[in-house]
Amino acid sequence: MRAGGAGREVLVTLVVAALLIWLMPLVIGTYTLTVLVIYGMLGLSLGLIWGFGGILCFGQAAFFGLGAYTYAIAAINIGESTVPMILAVLVPALFAALLGAMMFYGRLTDVYLGVITLVVTLILFKFVNSTAGPQYKIGEARLGGFNGIPGFQTLNVPGDPDAYIWGDPYFYVCAVMLVIVFLLVTWLLRSSFGRIAVGIRENEVRMALMGYDVAARKTVLFAIGAAIAGLAGALFANWGEIVTPNLFSLGQSAEIIIWCIVGGLGTRLGPIVGAAGLAYLKFLLGQQSMIDNTLITGLILVLFVLFLPRGLVPAIAALLTSIFGRSRRKPSARRMRRLRHG
Amino acid sequence: MDLTFVILVEMLYAVASLVLISAGLAVVFGMMKVINLAHGEFMMMGGYATITAVNLGVNVFVAMLVIAPLVVGLIGLVVERLVIRHLYGRLVDTMLATWGLSLVFIGLATMIFGNTTTGISTPIPGFAVGGYQINGYNFFIIVVSILLVIGIYAVLRGTRAGLIARGTMQRADMAAALGYSPDRIYMATFFCGSALSGLAGAVLAPLVGLVPTSGGAYIAKAFITVIAGGPSLIAGLVSSATSFGVISQIFTFAISPVIGEVALLIAAVVLLRTMPQGITGRFFKGKL
Amino acid sequence: MAETVLETHGLTMRFGGVTASDNVDFKLAARELRCLIGPNGAGKSTFFKCVTGLLTPTEGHVFMRGQDVTGWQPHQIASLGVGIKTQTPNVMDALSVHENIWLAARRFFDPAEARARADTMIDRLALGSIARTALGQLAHGERQRVELGIVAVADPWLVLLDEPAAGMTAQDVDRMTAIIHDLTRSAAVVIVEHDMQFIRSIAEVVTVFHQGAVLMEDHVDRVMSDPHVRAVYLGKKA
Amino acid sequence: MSLNRRELLGGAAALTTASLLPNVTLAADAIKLGSILDTSGIFDAYGKPMDMATRLAVAEINEAGGLLGRPVEVVAYDTQSDMALYSQYGQQLTRQDRVDVVHGGILSASREAIRQTMRKSKTLYFYNVLYEGGVCDRNIFINGVTPAQQVEALVPYAMGKSGKKVYILAADYNYGQITARWIEKFVNDNGGEVVATDFFPLDVSDFGSTIAKVQTAAPDLVIAPLVGGAHLSFFRQWAAAGMKDRIALASTTLGVGNEHKVLTPEEGNGIMCAYNYSQELDTPENAAFKEKWAAMFNGDQSMHEIAVSQYHGLMTWAEGVRQAGSIERDAVIAALETGISITGPGGKVTVDPNTHHAVLDVHLMEMQDQQMRVVETLPQRQPIDTQAVCDLSANPDDNTQYEIEI
């Protein structure tokens, strides 16, 4: 039953994704869609480690920025995008592994963990921000401080630096990447590793007493989340064709957390929906000039927490269940999950 | 010699201003386990309240020390009743809600005050120490934060409200069991915390260029100071503000302000790594 | 003489000025069942925490099957094949009974084998009807039983239980006693317990703690009748 | 296939846009002007007046009968001080709104985020902000002052009023770094000496230690190209320490976002600076401009340096369109490259054909009671920094931002 369920879920995911990728460009410009997809991936990266691993990271933006900067710097030096893309995944993962090992073997938890990740993000932000001088150079790439790095080689067909992938094709590349990442996350959560991660989220001491090396497993999960964030960062760099220290900013980190909560923590879809939805909302808001946009964004957040605290996806799921009556499935693990987070 | 004195004053000032900007957050976090991400905006509003009062002809010290804390405390009270009280015990949700509130306040301040508000000058003149001019107002800030710490201590130690507060900090359910409504305790706490934030914003207003987005500059520092301090309110606040203030000033003078800030942040990482429960989680256990 | 599976030498734990565990020498043979008793604050739980790696002793050593495990992390000790149950129920509330026990089995077996063992264990504990229910929704006794399943599912050779019978109904206690006897066929078991009723029903050799040190160690009947023990411990009750 | 799709896309987006935009009228023959500015968030002090200037200029153009007999309509986006939104709206303007010209961008990072998009889509782009100089791209026109224009005028004046030892406190980003180098060059050229240069990231707001350091160095003059709200603290703390009457102070940035109105007279009086615009400029153009501004925005007085640059930019573009007799990009560029001039509230502004920068009047000012009192006007200063590296008539395909070696 388990294998069959998994197969069907993959199939459903693929069909829904294909439909969305086909239909969405009819409604929203692909350029905007691309960044929504990228933010979705970024949201998923935190949704994975926080929603399923219980690691509240205030600095997911650090890995996003690190991915983007790694890509930009490597692309300037190499002039072809394949290796920079790989580096943009590996460097944040490695950085997260070191940072994670430092934190988790030090038995830091909840709010203290939050502060460390926040502080590390601030350090990166301040460092990158103060690299305007000509002495800050990595190979050919000037770090550029506050103004960031423009003008690097953007994504090309692997092996052919002149065959750029941009515009509509770039949207399809990003969308397919997101689907792949989503399926990988699904697979990961179904695997023993994922189930153990959820166990750790629920009760670290118990899992340690069962003989699991909690610190090591959290470190690995943290690094996986960072790798996904790094990939999102590299895709973002390609999309914007410029990287700036803002990617590392506290505001960016906070936004990722907000995406997860608004979308629904503890679900895979929630953070993606939250990210894409809120980013699109921001995009729409910028087209009006009646009321201060900061004010509107703030109000929406407050109302959300007060009236829809579980997030969109669980709320919609609950609504659907109540409309269509009892689910035809027997009380399966899937339903359990909803109960738990709903 | 003169320079040594100047550096000493700057260090004291750095510690004092950290205490000042963190006190409001520390009270709210220590008592209610609520992280108020609108703390910086409460400070910003304290600044605007002061400027407005001064422009209306109120004495600047009255404006800073009385009006601003009252105004911001009342705003805090409204916020607590409308939003926070629905979210007790949900750390992350309160953070999200207060983040939203901070944006609302920025928006409101922009609509009301615009983004060019003439500030107020420091009411205390600078003076000379040997060959150096120093900011006389620094001493005022140092004095205010010392009084603030003594004041919090006196309230917690010497009053009935303080006793209840200490009980709540140890075990929130105990106070309820003793017949004190947690609702009212939380309301009072949030009022006090907001008032302290307002006070900090007011006192610092003559030293900074006040714009609606000013609050963002404080929240991270205050947050780090409070968490690094650990569970004990006063001992935690003072010890972490002292460590961070001194370290950042040493590096600021020796190298540059950026390195000073980075040194502060690195100190925070090292500190939390070696003392995962904050300074007072390890030392000063059970103290205030 | 059977092999010694657990041994401590001069185990001492101080918190500030308080010595919670004072120079404890302890020895446990394979498949032995041993109860640790003593009044509140006697140092049983501190001793337990030092042995399981939850605390690192200030002085002294812990050996398991001859290996020095002093200062090891709990997960390293558990990985040796030691089943541990802490004082308060320590389970994954949001996960189902099956998931909880499966996770414990998965540490030592591949997924399929783990599933099979979890199923068997659930049958043994008579938890079949609630196997898919989240633990957060279960009664205290059921949760205790699940935790026992978590401890037992991976075939441990040493089981350390801190107050397994606390807050249980008589029926639950009976079932628990049966399971523990079952365990002793393959494992040595250490039980920290308050409940004298339970101890009388299960124990043979009992170690009495007092003020952090071992006061006496003997058969349960002799311990119960010892005037010294009665003075420090049972005397309170009288 | 892909063309059809894009058409469809455009249609769908136009629908959404139309329903959301109260400020866009879809007159069929209107000339579309794209505006992209931070009118909320941390940079709104710069962006809001620029947005107002845009609307004022367009209203004036339309009152005079529009351009080529067609009305001009504004398609405006608020980037909310978020660099990512610049990229998004840049694409929106060029692909979906298909505007005829884009005016906007405030920070250099925001300009770089959209400059290539504009170039690729052949959309004429005006960047109307004081900046670090060096951009060389035929598709862009820039009429903010560059460091050399300001500093060349400011340094000798400020040194003349104080002395030869100069201490530089600069914002730590491109603009500050480059400006600091120009200051050093002109200090040396005028026989002075720079005793030290310190850089501050934009979020530094505590300058106590810096003020002590400056006193140790004992300069005659401090030049402070500091930027933004946090840096404003320096000027307050400087005054609070009683330094204001001891060491002279000059800046190349203070006042650009109306900072002189945030400082009290005691804090601001006597600070020297040099810009293209001051509200106190005594010219008929400025008087008329201020009057129209106040009339349109209910007595508002927030026009500042870069708002006026934005106004100049729009007027320059309009003049280019008139002379070209077309809104087609290449024709307008060709017309602008004839070196046309307009006279605006900041004085005469002339397009420099080789760099697409502006030749403009630089006014030396001193702050006095929250005003920028004009001391002296240096007419028609060339953008010599960018001219040193950029020659678009020789290399029309150039597309770089040069960092000028001094």
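Per-chain residue numbering starts at 1, and chain names A, B, C and D are given in the order in which the chains are listed.
What we mean here is this: a contact is a pair of C-beta atoms (placed from the backbone, for glycine too) under 8 Å apart; a residue touches a chain by one contact, two chains touch by 3 or more.
Not measured: the values here are computed from a predicted model.
Among the remaining chains, none touches chain A as well as chain C.
Taking the mean of C-alpha positions as each chain's centre, the chain lying farthest from the centre of chain C is D.
Centroids of chain B and chain C (each the mean of its C-alpha atoms) stand 48 Å apart. Rounded to whole angstrom units, the spacing between the C-alpha centres of chain C and chain D is 74. Taking each chain's centre as the average of its CA atoms, chain A and chain B sit 33 Å apart.
With each centre defined as the average position of its C-alpha atoms, the distance from chain A to chain D rounds to 36 Å. Each of the following residues of chain B touches two or more other chains: 107, 110, 216, 258, 261. Counting only residues that touch two or more partner chains, chain C has none. The multi-chain contact residues of chain A, meaning those touching 2 or more other chains, are 126, 130, 292-294. Here, these are the chain pairs in contact: A-B, A-C, A-D, B-D.
Of all residues in chain A, those touching chain D in their complex are 25-32, 35, 126, 129-130, 132-134, 144-148, 150-151, 168, 236, 239-242, 244, 246, 282-290, 292-294. By the touch criterion given at the top, residues 40-42, 44-45, 48, 172, 198-201, 203-213, 215-216, 229-233, 235-237, 239-243, 246, 257-259, 261-264, 266-267, 302, 370 of chain D touch chain B in their complex.
Chain A contributes residues 56, 102-103, 106-112, 114-116, 118-120, 122-123, 126-127, 130, 250, 254, 257-258, 261, 291-302, 304-306, 309 to its touches with chain B in the complex. Remark: chain B residues 3, 6-7, 10, 13-14, 17, 107, 110, 114-122, 125-128, 131-138, 206-211, 213-214, 216-217, 249, 252-253, 256-258, 260-261 touch chain D in the complex.
Those residues of chain C that touch chain A in the complex are listed here as 52, 54, 73-76, 78-79, 84-86, 90-96, 99-100, 102-104, 106-108, 111, 132, 134, 150, 154.
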